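There are structures below to look over.
The two complexes that follow have subunit A in common; it is paired with subunit B in the first and with subunit C in the second.
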Partner chain A sequence: MSGTIEVKDLSITVAGSGKRVVNGISFGLDPGERVGIVGESGSGKSVTTLALLGLLPRSLRASGSVRVDGTQIVGASQKDLLKVRGRRMAKIFQDPSAALDPLTRVGELIGEPIRRHQGLRGSALKSAVERSLAEVSLPATERVARAFPHEISGGQRQRVAIAMALACRPEILIADEPATALDVTVQAEVLELIRRLCADHGMGLVFVSHDIAVVAHTVTRALVMQGGRIVERGPIDQIVHAPTDPYTRRLVASARALDEALVTGRIS
Partner chain B sequence: MTAPSLLAFEYVGFTYRGAADPALSRVSFSLPRGESLGIVGESGSGKSTALKLLLALNRPTEGRVLFNGAELNLRDRRQVRELRRTVQPVFQDPYASLDPRMRVDKIVAEPLVSLGLGGTTDQRRARVTAAVREVGLDVDTLARFPHEFSGGQRQRIAIARALVTDPAVLVADESVSALDVTTRIDVIELLARLRRERQLSIVMVSHDMSVVAALCDTTVVLKEGVVIETGATMSLLDDPQEPYTQQLISAIPRLPTASSR
Partner chain C sequence: MSPGVEIQNAPEPIALALTRRRGLPVSVVLGLVLLAFVGIVGLVSVFWLPYDLADTTGGRLEPPGSDHWLGTDKLGRDTASFVMVGTRIALTVGLSSVAIAMAIGVIVGLLAAFATGWVDDVQSSLLDVVIAFPTLLLAMLIGAMEGASLTSAVVSIGLAASAVVARLTRILAKGLLRRQFVTAARTSGTSWLRIVFTHLLPNMWPTLVVTTALIFGMAVLAEASLSYLGLGVPPPNSSLGRLLQGAQSTVLTAPWGAVAPGVVIVVIVLGANSLADGLRERFDPTRRERA
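Showing the complex of A and B:
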């Protein structure tokens, strides 16, 4: 089976203090499925995505099991991790400016993974980069390809980061707050792009956000995390319309209150 | 005759030194006493520049900023001092805006100390205590340091610091955007209560329309330094006239309602 994630009893502890930031969580992702992880600060949602990719910093230790297409990620060697990252699974981060090397031009940023994984050179590489730019709805022009990250807008930088993540045609995309740092109009476009790319390529998605409204429009199933535990899980419709856990209820009620303020002019 | 607006912009323009294009041009609005104003825009709209001009941190390169009906002159120390007392800022990031080496009592007292207000040490202490109580924090907060508090509590401390001079206006720069949604509601409720109880004006600079809707009577929509639309907040939300405002409102992610399933 390709494009599956199976997390079993994953715990993440702070080395030294032994403090648990993720506490025995289990969940899975089927091929082509879109799953959301909703939680507020300190819920453990971001470190969970790092653990999926074997990207935890040294100060954090994972235990339990994370299998991506059967390959064990917890405790895997760098060599095994490199086989999984990029080809099977890629990640986009919240802050695209931090994810892009400021001294590398956009064309090279996108071209590097294509050259490395697909072995393209010269004009074949150039046209592959142009196709990548077009796919994320960036103008496939010399001006964009030659620009440095700081010369393009925040929304365009996130599109470049998405193009880089997609360069090796991964089966699973991990997106950690991919639109949170963007302006609201740009945010809507980037989310639409992510949804379209997942549909076009049958790509699985693990979508992490604090914003339950954004998650609701992006995934079919979701987990709600609080304090390192999964407090509720289920189809997104059920979580949004009939939450059972007290914390999920509070989260949904807060989001509803903000929506209602747009109509009533009051927070009640 | 009506009382002059507390704060107003008259055809204000501002160009940063060395910049080719102005960050703001011909921006006008006014803030009547006791009312609240939302300044809404995306990055590059000039909303933070407008905020710096309101706080007298910069001087407009065109037009005038009026304070109590008089043109704001940054060389007039008496006037600037009065503005500093009357118009208090609350910034976006409560982790960055509170000095980590200061205890809360010192942080909250700081505006009184730097403006030479509040009388004797005991009188100041009483005002600090009252401000901390008013934002819903315990008095034992005062002896602790910022890192001991959550984001929402820190933002309350920042609001207490702003209230200690008994201001007429709070200028809030995305003051709730960095907070978790459940905490955000609490802080919005706190600001709404302060508005009501103190007849406090709030100038909310934000990209978040729902926060502005909950707190502000009037809204100014900025884009690339120009006012796109101004109006009563609720009518602007119900019936936006400009395509950009419509786009801004329709892009707000909302929870699906039961009927739209």
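Showing the complex of A and C:
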């Protein structure tokens, strides 16, 4: 039972108006599996990942069931949530510069969760931070550890964010558009890094993106969301090569058109 | 701090020298120098005064000279001694009321930042009412009820200022709580208390420092106003405001009696504001220029 997510009939409504942003979705994640959630803006994919962590803003209400390793997240107490977050599940965000405290040095950002979850201090903590930096292919030097987030590049910032998320060896990583805010060349590197880390640690991955091409490169199975519902699900090969839902078909077709444009120089 | 042009052997003003060596902004050094000056004056007054405050052996309204550095007042008392003690009282009231204001204000503001719904509405309106209530009026009320004393001045000024700090803290914390790095911290299982200390306070600190200094200056001014009105620290102690009030009738014939305490007030307020301004630039890494 380690590293599983079980979502049953999850709905998310806006507190005041009762508008449904997520409408009774169900899905699961097996240990070490990589699942993608694809959909346009407003399809409910991001709030779904927030609900997985019990992090919905106060204006949104969740109903239904979200179980992480058997622990119910919907309606859980702060105390129970703290046990799940970081240890079992960690998240990386779209914009790494917003997700890193601008006044905290890189070494402290990574060191804080390590210290809290593994209880390391002093030189043991320092070498753990260095290992974390090396793991995400950042130079494990004093210069990087002492840098403030604004002093390193966007790609390096996302690597720091990933190192922070991995610091406590979570069983599941939730990545919400982790490469969207990055340069295309850096995007590929970061995606490769995420894939490698998942394989190395046998870590499950919930990967959210609007870009079906990026998702296809990263996951084994995917859900397609539109308007708060799951419109299609299955192995990623099947979704890319034989989409059944009209929305998925359009999504795949437009991605293909862009791919072709790279070769032919024209959009069909 | 450009390399290349090095003036050898030229004597540097101390402020510039410190700026170059330690990378401190000029305003920090200026503020420190001004506050250190009044601080030393206040400290010295504890141990030594040119004349006892009750000593009336000087001539009436003597001009500044070697016997009486700042002249004497109508009763032949030494103005310098009174200004020194007044400086100490002003600094004491300033520091104590700032300590009260920050302690209460930051805690109330942080609690308020986490409040939602009607609790949030009620407490923010309450803060507005307290802020709208004039500091001096509050001080007069407390002074009238408890009798004017050092404590009543400190408490009333501190309480009035704590509302300002609380409102500022609440706004700053609310803004920071919406930032993604707070969500990111919560995602990795950080408790709210820990977030307050590692993310909220460090990010609020530059603004709070500036406010601390502004409040310190405001508190010194408020104490002077109170004692000018006769509601501050009572005799036989001295107070800058009461000195101003006492010298008022002779300001044309013996201006030094009013100028001396006035200059001290200006020096304290200017020093505090200058220090705060410089510290904000020094401690905000996103604003600091890197060599």
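We take it that the second predicted complex is superposed on the first by the 268 of 268 C-alpha atoms of A that agree within 3 Å, B and C clash if a C-alpha of one lies under 4 Å from a C-alpha of the other, contacts with A are read in each partner's own complex, and residues count from 1 in each chain.
Keep in mind that, in the parts below, a contact is a pair of C-beta atoms (placed from the backbone, for glycine too) under 8 Å apart; a residue touches a chain by one contact, two chains touch by 3 or more.
Since the model is a prediction, treat every value here as computed from it, not as a measurement.
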{"item": "Clash or fit, subunit B versus subunit C on superposed subunit A", "value": "fit"}
{"item": "Computed vertex angle (subunit A) for partners subunit B and subunit C, CA, steps of 10°", "value": "80"}
{"item": "Touching partner for A:F27 - first (subunit B), second (subunit C), both, neither", "value": "neither"}
{"item": "Partner chain in contact with A:F93 - subunit B first, subunit C second, else both or neither", "value": "second"}
{"item": "Which superposed partner A:R85 touches (first subunit B, second subunit C, both, neither)", "value": "second"}
{"item": "Closest Cα approach, subunit C to subunit B, once both complexes are overlaid on chain A (Å)", "value": "11"}
{"item": "Subunit B to subunit A touching residues, read off their complex", "value": "42-43, 151, 180-185, 188-189, 192, 207-211, 213-214, 233-234, 237, 247-249, 251-256, 258, 261"}
{"item": "Touching residues on subunit C, where the partner in the complex is subunit A", "value": "116, 179-181, 183-192, 194, 198-199, 202-203, 285-286, 290"}
{"item": "Contact footprint of subunit C on subunit A as seen in their complex", "value": "53, 55, 58, 78, 82-87, 90-91, 93, 95, 98-104, 112-113, 116-117, 148, 150-151, 161, 164-165, 167-168"}
{"item": "Residue numbers on subunit A that touch subunit B, as the complex places them", "value": "40-41, 154, 183-188, 191, 210-214, 216-217, 237, 240-241, 250-252, 254-259, 261-263, 265-267"}
